[in-house]
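In what follows, structures are represented as structure tokens.
Next, two complexes with subunit A in common: one pairs it with subunit B, the other with subunit C.
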Partner chain A sequence: MSASHEIETRLRETAEKLLREKRVDLFLGYEKASLPFRTTPLFLTSPEEVKRLAWNPFCTTNLAVYLPRLFKPPADAREAKTAPPPPTVGLVLKGCDTRSVVALIQERRVPREKLMLVGVACPGMVDWRKAERALREHEPLGAGEDAQGNIHVVVEDGTELTLRREEIVADACLECRSPTPSIHDALLGTPVEGKDPEAARQQTAAFEAKPLSARWAHLQETFSRCIRCNACRQACPVCSCCKECLLDQTRPRWVGAGTDISDVTIYHLVRAFHMAGRCTDCGACARACPMGIDTRLLARKVNQEVEDLYGYRPGEALDAKPPLADFAADDSQDFLTEP
Partner chain B sequence: MIQTQSGQETGPAKRDWEPKIVAFLCNWCSYAGADLAGVSRIQYPHNIRVIRVPCSGRVNPVFLLRALQNGADGVLVSGCHPGDCHYISGNLVARRKFALLKELLQYAGIEPERVQFTWVSASEGGRFAAIVEKVVEEVRRLGPNDKLVKKL
Partner chain C sequence: MTEKRIPHTDLDRLLDRLRGLGAVHAPTRDESGDVILAEVSPGKPVVLDYKNFPLSPKVFLLPQTQTLLRFTNGKPHEPAPVAGNGGPSQGDGRPPNRQAFLFGVRPCDARALLALDEVFLGGDQRDPYYERLRAKTVVIVLACTRPMSSCFCTSVGGGPSDEAGADVLAIGLEADLLLRAITPKGEDLLSSAADLLGDATPPAIEEAQERARKAADQIAPVELDRSAERLRNAYDSPLWGILSQKCLGCGTCSFLCPTCHCFDITDEVRGDVVRRVRTWDCCAYPLFTLHASGHNPRPTPKERWRQRLMHKFRYAVENLGRLFCVGCGRCIRNCPVSLDLRAVFRELGA
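Moving on to the complex of A and B:
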């Protein structure tokens, strides 16, 4: 029996108990999807339905993205009178999702006391694009996990193939520093060691080693594929932060809405900058991108810069203050122009 | 763009090109510093276009990107020295923003000289002139900004 199967059983028990005892109104989890390598988010309200809950190596979605919408503050006094009280929500969280929830709690967009966090120590989730690439011309019909944690796939002619997990997990998982949720009300699975941050730093250093013009050319080539569908923004649990997103404003229109390369570049730069000190590197943006743009290229740099300058890692501690909402008298100012 | 007699378009003639710098100056220190430079008759290059803002903390990074997109060759942001902010800590919050922004833009391949930050107090007319001279000189050396400019 695979490790994820055991977790799935315990997860169903936990969710059933929470729903039956009415400790949560809503339980957020994953359900098997119709395509292999995929799952779909599941919103449970009754204990009878818990058998739909799934836990497997394909539970990639960051469920924290739904929380701000569930706890949206009333728009005005009249709405405040008629609005139903906020629900209590239980949800399944991997390490990265936990960091996102912590960031949301810090920004007071989600109340901690209304959440029941069921953490799962995460060995890394499969990137379905990588998996399909690894299968080459084969058409997958079904996929599961074996006892060693590798992925076995049934393909079109009925043969079974095994894909090594390390080769097909998402890029973000390969750099994940806290795969085991640090904050939780229940924890399932055996704790997993975090990855060495050096790997991510080497990637940034490799990009930085290129000359200025090559870096610009690389980004222009990447962004020229962007269709400005805003999926990266929508998939991000901590973005869409403002009452009205700057990118949606029309008076003035700060960033053009089309696919002009200059507008697209500014869009990505602004998004990377807005995520400074908040990006928990869950990889949701990269996963959401239909054009396969590596959105984490800029985010990774900003994260490292925030850590180096202000010693801050997003989503690690509930009582920490986000660095851009704070300052210190002795912050570095080497970047200033002096006559 | 310059239309030549044969009807062909050419880029801005390097000989005639003068850098265009957009300067965001805080109302309480740097704007007054620029004013002092003026009333003291200190000479400095006329390449800057000043935009007065209440505080350097008011400067949204998008302002700077928009300026570059609309054809500015460089951007300068100047506020009060740390500790002198009219709003106590506006410039300190801004300092964190600008430090990250400058790193990010450089990482993305935009020359760091195009986006500059400094502090100028109301009594530092000379310093303001010297800063402007330096910024204009550095941007002149880089040549016209062609990276973020929106081509219509």
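Moving on to the complex of A and C:
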């Protein structure tokens, strides 16, 4: 029996208890999706339905993305009068999702006391695009996990193939420094050790080693594939920051709506800069992108700058002060005076 | 109806012949090894054994960013620039007088062109930008042998060797490609390459039919009968709220959809020159229906997601007599949260 199966059983018990005892109004988890290598978010309100909850190697969605909208403050005084009280929400969280929740709590967009966090120590989740690429011409019909955590796939002609998990887990998982949730009200699974911090730096370093013209060419090539569908922004839990996103403003419209390379570049640069010291590197943006753009590259770079300057990593500790929301007299100021 | 065949080994010669007539866009591998629809220069391998590309061929007729006109002090520049035939981020300022061959696109995507035709050419108004590109586009459809688990073309009137929207239907056989002219454009194409083509033999035609049957058998049906009527009765169903809870409000489904065609028009001012530009828009965005007053008639994902489904499976049927879904499954495959529109019809029941 796979480790996931055991976690799934305990997860259902936990959710059932929380819902039955009315300690949560809503429980957010995953359920099996219509396609192999996927799950789909599940909004549970009744303890009778916990059997739908799934835990498997395909639970990629960062469920923290739904929290800001569940706790959205009323728009005005009139709305405040009729608004229902904020719900109590239980949710399943991997290490990366927990970091996002921590960031949301720090930014006071989600109240900690309204959350019931069911953490799961995460061995890394499968990126369906990587898995399908590994299958080449085969069409998957079903996928499951074996005792070693590898992925068994049944393809169109009934053949069973095995994909090694480390070859098809999402890029962000390969660099995850805290796969075991740091805060939680319940923790399932055996704690998983974090990856070497250098892993996350390697790709950024390789990019930086290129000459300026090559870096620019790479970015332009990447951005030219962008179709401006906003999937990266919408899938990002912390990118619901502004009351009205700069990119959605029309009076005036700051950024053109189309795919002119200048507009696409601004879109991605604006997003990256808003992520400085806030991106929890869950990789949701990159997994959401239908065009295969590595949207993490820029955000990770500005995040690493913040770590180097202030020794701060987003989402790691509830009581830490995000550097961009804090002031200290001895803050590093080198970057201000550098030519 | 002319039916011809060409050995796979001679395909390059056929493509060279087409290159002499215009730009050839065909399935080919990009740097990361994924199959995309792009212009193929001589020597660049064409991939026929592929599933389908993420971006649909609609970009060739409805470019994502299209300059409609430029003007200064209210006076349009002469001659008015005409948007051309390009990829996702092109389609601007290219000469439109070149013929474009869409070679090897899937039947679902070709069928979608008929839906777009209905919108841009079917009513009392014809869209000149679309019309110019459409007139210069020849569609060579490649029958599908690799249906995916997200495919349901057979439930929306199509199929793996559907001819709708095709000028020529190509069917891959063991040694040959069978070419069947469907429209006068297709007849022209086959006659311009007549010296390269052999006659289709009855066994070849039979092999083609057998392959089509096999592919169709792999596609799971979806209960879409009487979709318009069923949706009419389900406007206030709680289903919309339940299913759309997880919708992130991105535009992936509609931007990848081969029939989604809603657009926005904005003026971009630089100095005293104004560029009027048409860009794709999407009903999943709150901005899509936001009124100048601040009121939004579709305030939550529930209303927006319902609109998308209603448009495709009810309003289009009622108003234009056709489903605006070709069952390509792109929205299902690429949805970041795996929201599957097939669930609606399953839950709605007959």
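The rule is short, and it goes like this: the second predicted complex is superposed on the first by the 334 of 339 C-alpha atoms of A that agree within 3 Å, B and C clash if a C-alpha of one lies under 4 Å from a C-alpha of the other, contacts with A are read in each partner's own complex, and residues count from 1 in each chain.
Just so we're on the same page, a residue touches a chain if its C-beta (ideal position, glycine included) is under 8 Å from a C-beta of that chain, and two chains touch if they have at least 3 such contacts.
Bear in mind that the values here come from a model prediction, so they are computed numbers and not experimental data.
Asks: When the two structures are overlaid on chain A, which partner does A:T82 contact: first (subunit B), second (subunit C), both, or neither?
Replies: Neither: A:T82 stays clear of subunit B and subunit C.
Asks: In the superposed arrangement, which partner chain does A:A33 touch: subunit B (first), subunit C (second), both, or neither?
Replies: Touch status of A:A33: second partner only.
Asks: In the superposed arrangement, does A:D260 touch subunit B (first), subunit C (second), both or neither?
Replies: The answer is both, since A:D260 touches subunit B and subunit C.
Asks: Using the superposition on chain A described above, determine whether A:T159 touches subunit B (first), subunit C (second), both, or neither.
Replies: Touch partners of A:T159: none, neither subunit B nor subunit C.
Asks: A:A276 contacts which: subunit B (first), subunit C (second), both, neither?
Replies: first
Asks: Quick check on the superposed pair: does A:L309 touch subunit B, subunit C, both, or neither? Answer first, second, both or neither.
Replies: First partner only, subunit B.
Asks: With the touch criterion stated at the top, can you tell me which subunit A residues are shared between the subunit B interface and the subunit C interface?
Replies: Touching subunit B and subunit C on subunit A: residues 256, 260.
Asks: Mind listing the subunit A positions that touch subunit B in their complex?
Replies: Subunit A residues touching subunit B: 207-208, 212-219, 246, 254-256, 260, 262-263, 265-266, 269-270, 272-273, 276, 298, 301-302, 305-306, 309-310, 323-324, 326-329, 331-333, 335-339.
Asks: Which part of subunit B faces subunit A closely enough to touch in the complex?
Replies: Per the touch definition, subunit B meets subunit A at residues 61-62, 65-66, 69, 76, 82-83, 89, 92-93, 95-111, 116-119, 127, 130-131, 133-135, 147-151.
Asks: Considering the complex alone, what residue numbers of subunit A touch subunit C?
Replies: My answer: residues 33-36, 38-41, 43, 61, 65-66, 133, 137, 139-141, 156, 224-231, 233-235, 248, 250, 253, 256-261, 264, 284, 287-288, 290-292.
Asks: Where on subunit C does subunit A make contact in their complex?
Replies: 32-34, 49, 51, 54-55, 64-65, 88-89, 92, 146-150, 218, 242, 245-246, 248-252, 255-256, 264, 266, 268, 277, 279-282, 285-287, 332-334, 336-340, 342-343
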